[in-house]
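The letters A, B, C and D name the chains in turn, as written, and every chain counts its residues from 1.
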Amino acid sequence: MAMKRQIPFALVFIFGIFMLFQYFVPHESSEWVYEFLLDWIYIIGILALALGIWSLFRVSVDKIKTKKPNWVYSYVTLMGLFIMTVFGFTAKTGDSWGLYPVFVITFMLALFMLIQVLAKPASRNLYGLFGGAFLLAAVLIAILDRTWGFYFMEAKGLQNSMFRIFFDDVMMPILSTMFALLAFFIASAAYRAFRARNLLASLLLIAALIVMLRFNPYLPYAAYVAKVSNWLMNVPNLAGQRAIVIGIGLGIVATALKVILGIERGYMGKG
Amino acid sequence: MKVILGIVFLAVLLTCSVAFAQTDAMTPADSTAADTLSPPAPPTDVKAVDTPNDHGHSITVTWKLSTDDGGGAKSVSHYEIFRSASPTGPFDSVGTAVAGQTIFVNGGDKEKQSEDYFPDDSNFYYRVDAVTMNDSVRSSSEIAGPAHAYGQWYNTGRTPVLVAVLLFMILTIYFVSRARKGQELYVRPLGGIEAVDDAIGRATEMGRPILYVLGLGTAADVATIAAFTVLGRVAKRVAEYQTDIIVPTYDPIVMTVAQEVVQSAYLDAGRPDTYKEDSVFFVTQSQFAYVAAVNGIMLRELPATNVYMGKFYAESLLLAETGAVAGSIQISGTDEIAQIPFFIVACDYTLIGEELYAASAYLGREPVLLGSLKAQDWGKALVIILAIAGIVAANFGWTWFTHLFKVAN
Amino acid sequence: MDFSTFLWTTFAVFVTLATFSFLYKDNPFYKFAEHLVVGVSAGYFVIILWYNGLVPNLFDRLKDGDWYLIWLNSSKPWYLIPAILGILMWTRFSKKYSWVSRWPMALYIGIATGVAIPLEMSNRVNKQLFATMTSIDWTNFFGHGHFNLLDTTSGLSQVIIFVGALSALIYFFFSKEHTGWFGGVANLGIWTLMIGFGASFGFTVMARISLFINRLQDIKAWGIEALDASPRANPNYGPGFLIVFWLFVAFVAGYIVYELVNYFRSRTVQS
Amino acid sequence: MDIFEKMMKLDRRWIFLFLIIVCVVTYAIPFKVPILVEPEVRSIYNFIDSLPPGDIILVAIDYDPNNLAELHPMTYALVEHAWRKKLRVIFTALSQNGPGMAEQAILDISDSLKQDRTFNGVHFKGREIKNGIDYTFLGYKPYYALVILGMGQNFRLPFPTDYYGTPLDSIPMMRGVLNYDQVAGVIDLSGGSITDAWISYGQGRFNFPLALGLTGVMTAQYYPYLGSGQVFGIMGGLLGAAEYEELADNPGRAKDGMRIQLYAHMVIILFIIMGNVGYFAERRRQKREEKGR
């Protein structure tokens, strides 16, 4: 029981207190420990990504298996995940790609079969057979074709043209369009919420309106509006932010202290 | 990081030097001296000492400006600093400082293998040359030293922080122990917190799940840790009401912790059998891909309530607007100041900044946790009192008082 | 631009429009783009964290050791500790031993909270407190030069910032009822906060609309590329560009018409 | 459902549709919108406009590609204006990716200078812009605070040669140009903290006229320096760039963008007003109904 509950809290306490006081010790040795421990949490964080990818994989396969609504799209997710990983670890050694496209296709087919094996246990043998065959073909191509290769210790895959195309023409357009949706959502949120229901809502509304009108040339006294909006940004906004920052600072310290001292234990499981 | 620190440090030094230089520029140098080949006056009062409050491997050289700094025909363009292991030389140039500066930090790497290695605990001697536009027209100062570098065990510049942390720690422990003894504590109602119970009840009635979004923070962000504790309370009620909870996560460690939290909440509620492992899952570590997925969940699962707690950036409004379309009740709390306005506009209830850190105490209603709220209030009261005292002091010119609170790097 | 690049940029425009279609409603195109980007970005981060995180922070530090000595003879063998801790996280794959993963988790949280306490106290509380202790500009109390109330550096503005910040801090008190004079000051605080929030909302609108303009520019560049691509102007270009362009336009237009027809049909049925 | 209730409970997709149409139309049709010119931009324009031909200004291009959309239009409008006025320009780039930005801008503006153009009713003949005579590009050096201080002593201190490796002494326009004393003014176009260094180490120490071109989000926090007189002008974001283009009668990308911004903002404001009108009418009706009962 102690191994499951007590030791974790003891670890939180010891390392928390150490890091707290390390801040005040500039000496080399304390600095060394600080950097080393930050590396720890960095490395732990990266290695934990395996858990994340496994979760994504299992949830997607599960969707396909139980034919939940929109299960078909889970194939898209899984294929995207694996194709990007393969691109990232491969690069060409010479001038041409050789059999690389064939490899990518056979590898993806093998993966598809593997997913089918997991998702459809009834016809496991058939899919397993095909999957094994495709996998064998992919491995053979990977071994025999010398025009390209796998790289794990050098970041050559980042220069792989397919990796870049997937980044530039698949990932970035969707991500930046998601971001651009904000142009519309900020409009609809303003329409929906900026109603002069009470004093607080009116203050919010009026301040926002003034700032939004700051460069409208059709308005009389437009120069004045620009000045007022500037004042709003630099005086009330600054005052409010200062209060919030101080409050958050105390909140963070209080929460962190509660965690280190073991007063707040809700973040760690029981049993 | 090192570069940034270096620049910040330089900037601080430069500010000092600018201040010095301006007082000095008031007394212009003798501009009648026509002979450009006569060397400028050397810098005087050269001192070399170990750089304070650092990890060692660095010596600070200071001097008084040459009288020819700041105008005249043989005006000093820069100072060149030389170092040697013995007072007789040979001296090697270690760097230059622009005219008007009176300080130079000669530091190096702490790694022995590095080319730029600067040894601790060995004596060095320094000399500063005043150099004119013509590089060969220069004059050297007296030799200063010996000085040796060593690392400090306490950074005096950070004393105000240490005092503040210790004070706050004592306050917290005091109020928590008082609460343990059973002292009743009043806390004012918070709208967002009281809505949580209703929202869970509503979800049960409608037979719809609750969506809990932990934001883009990692488990190293205290805001996310606070969000975990709120998640624990919410999950417990959810388990009691037999509703579903969906927790899509952005970071694998956050996912792991959240799984632990939800699982033990179900255990607490006496229903470990109804816990579904896939209710907490990982999506992706890309900001807007995560948003795309969560938005999809909102429109397909139609959760009765969306709770946003933790760190949020530009995606705050994307999430909250989609949630509003899906007709969910929305409760949010974040310490990202830039995003609070968007949550206030688009959500039904918003915990502003610090209120996020108070939320778990409110939901848990455990006296021990409420005790720490009292400590936070005392902290704020102290800040207010000191701010008022400080502004009075500042306006009467009692800088000694305000400087008690100054944190030096 | 060669033809395959053009095909990929067409795909980029397709996913851009698919993502924008979310504004209308959830639909198969959005679902496709969403699932695709989840998979591809997850794969992308696997690669990035591998090359930029694991390789320099762990592998490079151990690489001068020998695997059959489990790298104990490398120059920095202590980096095996975080690696082991990270691998302990993987005990979550098993139900029986998943409690072991609490140890690295506890370390992670302990280190993070310990670092946070002094840092946040310094940056958010000490420095903000010091910043409030300003000397008020009494000579320019009503603004520099002439009477200018909107001057953000005037003494009056400084006083407003000070009072606003303190009253907003009072608003955040948890253990005192907001009644009487205390409630009055707290109200002043929440007014300051709301004005600040409104102003910063209004200020952000411009930046968000710029995002949409950027997306429009990308689509426009793609259109120009296709329409300019007459075979006579550039021998590298073939009619394929125009065919792809018009096929794509026809597809999008067709889908819009389809949705419109559906929309009006459903309306007539209802009434 | 009466009209007021409809105004209040409009489906948000109508807002989206309206906003898309307005954005696309204003993007596609290049009509003119009046641009309100703020005094802090006008003072920059007037400063450049009032300098006699042959004077030297320093333009610091301290931004990265991710701020290009907002800051490039400023560079284009300002430098073209300066060159048309036959001023000479020293360029520096103190951010790491700055040199690429600066070179691109110099090439593009030089091309534009070859054409005959009319600005504000004054006809300007096209001319060749020559490196070393009309401009000098000093390039990038790390530790911007030190560079800014060093240039106050002598440009040759941080930059013994220009970006292309020519010694400063053999560049015709740099003859006799020692430090900021020979420069009429400095315009810093920046998307980050370099601005602070220009204010405190540059203007603070050497007291030259300094104007700023900033990204939109940064702008508000630099207005205090305008009040205290440390900077004589500020151009903020796309808006500031458009104002300069308006003053220089040289419409470019910023004015294009402002057309969309202005109308999109007006659409949003209109919808907010509509919602409030609906809300108040509705509330009034409810009150009346309560009375009637």
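Quick note on the criterion: a residue touches a chain if its C-beta (ideal position, glycine included) is under 8 Å from a C-beta of that chain, and two chains touch if they have at least 3 such contacts.
Small disclaimer: the values here were computed from a predicted structure and weren't measured.
Looking at which two chains touch through the most C-beta pairs, you get A-C.
Taking the mean of each chain's C-alpha atoms, the chain closest to the overall C-alpha centroid is C.
The centroid of the Cα atoms in chain A and the matching centroid in chain C are 10 Å apart.
Centre-to-centre separation of chain A and chain B, using mean CA positions: 22 Å.
Between the Cα centres of chain B and chain D there is a gap of 31 Å. Work out the mean CA point of chain B and of chain C, and you get 19 Å between them.
The set of chain A residues touching two or more other chains comprises 20, 23-24, 41, 44-45, 48-53, 56, 70, 171, 174-176, 178-179, 181-184, 186, 188, 190, 192, 194, 204-205, 209, 212, 230, 233-234, 241, 244-248, 250, 252-253, 255-257, 259, 267-269. Annotation for chain C: residues touching 2 or more other chains are 19, 22-23, 31, 33-34, 37-42, 44-45, 49, 89, 92, 102, 105, 108-109, 111-113, 115-118, 120-121, 125, 129, 132, 152, 162, 165-166, 169, 172, 193, 197-198, 200-201, 203-205, 209, 212, 214. Within chain B, residues 158, 161-162, 165, 168, 220, 222, 225, 253, 256-257, 259-260, 283-286, 288-289, 292, 300, 340, 342, 344-345, 352-354, 358, 376, 379-380, 383 each touch two or more of the remaining chains.
Taken together, the chain B residues at the contact with chain A in this complex read 53-57, 110, 151-155, 158, 161-162, 165, 168-169, 172-173, 176, 218, 220, 222-223, 225-226, 228-229, 232-233, 249, 251-253, 255-257, 259-261, 263-264, 267-268, 272, 278, 281-289, 291-292, 300, 314, 317-318, 320-322, 324, 335, 337, 340, 342, 344-346, 352-354, 356-358, 360, 364, 368-369, 372, 375-376, 379-380, 383.
Chain C contributes residues 23-24, 143-144, 151-154, 203, 205-207, 209-210, 212-214, 216, 220 to its touches with chain D in the complex. The part of chain B that touches chain C in the complex is made up of residues 158, 160-162, 164-165, 168, 185-188, 219-222, 225, 253, 256-257, 259-260, 283-286, 288-290, 292-293, 295-296, 299-300, 338, 340-342, 344-345, 352-355, 358, 373-374, 376-377, 379-381, 383-384, 386-388, 390-391, 393-395, 397, 402, 405-407.
Remark: chain A residues 183-184, 186-188, 190-192, 194-197, 205, 209, 212-213, 215-218, 222-223, 226, 230, 233-234 touch chain D in the complex. Residues of chain C that touch chain A in their complex: 8-9, 11-13, 15-16, 18-20, 22-23, 31-47, 49-55, 57-59, 63, 78-79, 81-83, 85-87, 89-90, 92-93, 99, 102-121, 123-125, 128-129, 131-132, 150, 152, 157, 160-169, 171-172, 189-205, 208-209, 211-212, 214-215, 218.
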